[in-house]
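A single structure is presented below for examination.
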């Protein structure tokens, strides 16, 4: 575990990352062969999971992060405290721009986003000494600076 | 209820349409002010619901039908027997082309799609005589003829 | 050439299909390895071409038909009389649902859409006897029946 | 004009911003009533323009930046040195996440992006003293840090 202080507890961070890893099993990615799992932690402590669902048209593909957030919102949940994302590669990869924009609609710019490596469990097991489990932490604002959002559509037209 | 024979029972048709109507309450549609609800019936008798989730970028918007199907698939459900869709208008409106394409990835071309009017309950109550509750029934193939699908990507390049 | 009477001349049909084939050369399709070309004929006799432009996010992919139509509209052209589409396979494939929906925004439901095979030139050369060059013709309405369109958003909410 | 040194000349910066403003006139934005114009400067000194093209499905909407870049790529142009964006509001607004991701596919992370206010001409006329014409300059990397890109899809699966 990193020593960096985050806005959620170490226990929540851990179960959120594990939920993202579990979510990945239901990825439908016959085209990219690249599975992604995502999990949102809600203000009530629930976890909502998603996986990437690809489409033969390619453009119709919906990523794991967007799957998770539309699932939550369509069930009346609009209040999130953290997000975890994991793929099939060892690098801690970030959400694509489409997902950053959709997350932006509902989440605080200060919301932490945990980017976990595919070999998270191994790294965590080996992390006792240096405390590095390979997870990167970013805020939404760090991933989508100067973001375009709902309030911009309300600005007076010049 | 229409007298037309469909591939699902009258009872399933009724609870599916009602689920779509319930789903609509969680629509997030501040831009269009146009709520849509959708519900898929799975082969195991479950119902998976979705609502439209709009986005300030407009292009990031995900419709009710796509929300429902990515929710299902991300939970390991890929086998569907019917879909119902309802909006806020009295006309029985059809899914947009984006949704037809995403549905196409997972569903049989013969799958029935029920298009329900916003005033379904009233029409149903008044339908005893002529049996017309205002619901239109289409198959996926009727809505997306000559469809492009996963198998097309497998064709030999010329 | 098919003997079927269409709304455009045989000469226009031919140059439109050839334009779609030329357009295909600029496809950017490193992920699907599936090139698509499209060409719109405008009411003033101009041809506007497009190719598919894929994206690492998959969901950010824009097909040939949409590339062509946004190109046209962004240059002030909104009046179209026909569309031709060609891919890298010998089957005469149809636009995906996303494209059908975007085309729907600007084109008449009666607009002819020509689906050309990758080996169009060979087939045409060999078509003298039976007149079959392998091109299928559809109208937009045939490809997107019961379509959802701009006027539906204007319907009174119930 | 800002005194900040950029990677393009003051003259290029000026004509690029003016091209984005011109491009805006062909926006098709009946739903948002929010027009956007964009212009890319290519390595050969050409300018390729785009405007936002909305769709009744909302999800089918294609922004100005994406319209411009797919137009360029579909004409064989894949090498860009700068982008300018302008909307109908006085704030210097940034591209949405979808556009940032699509731009990412083709452009250097160091590419400058000029965000111009709707009243650019007035501000420029009044800018002689303090040199502030209201244009913000960002790089792609500043707008899409830790970006997901084509090379990530090549990483070995773990």
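Just a few scattered comments:
Labels for the chains are A, B, C and D, by order of writing; each one numbers its residues from 1.
To be clear about the criterion, a contact is a pair of C-beta atoms (placed from the backbone, for glycine too) under 8 Å apart; a residue touches a chain by one contact, two chains touch by 3 or more.
Note that this is a predicted model, so its numbers are computed, not measured.
Two chain pairs are in question, B-D and C-D; the one with more C-beta pairs in contact is C-D. Distance between chain centres (mean CA atoms), chain B to chain D: 37 Å. Chain C and chain D, compared by their mean Cα positions, are separated by 28 Å. Contact with two or more other chains is made by residues 31-32, 54-57, 60, 62, 66, 96-98, 101-102, 104, 148, 152-153 of chain D. Chain contacts here are complete: no pair of chains fails to touch. By the touch rule above, chain B contacts chain D in their complex via residues 31-32, 54-63, 66, 96-98.
By the touch rule above, chain A contacts chain D in their complex via residues 32-34, 88-91, 93-102, 104, 115, 117-119, 136, 138, 142-148, 152-153, 155-158.
Listed in rising order, the residues of chain C touching chain D in the complex are 23, 25-28, 30-31, 49-51, 53, 55-57, 60, 62, 64, 66-71, 73-76, 78, 98, 101-102, 104-105, 148-150, 152-153.
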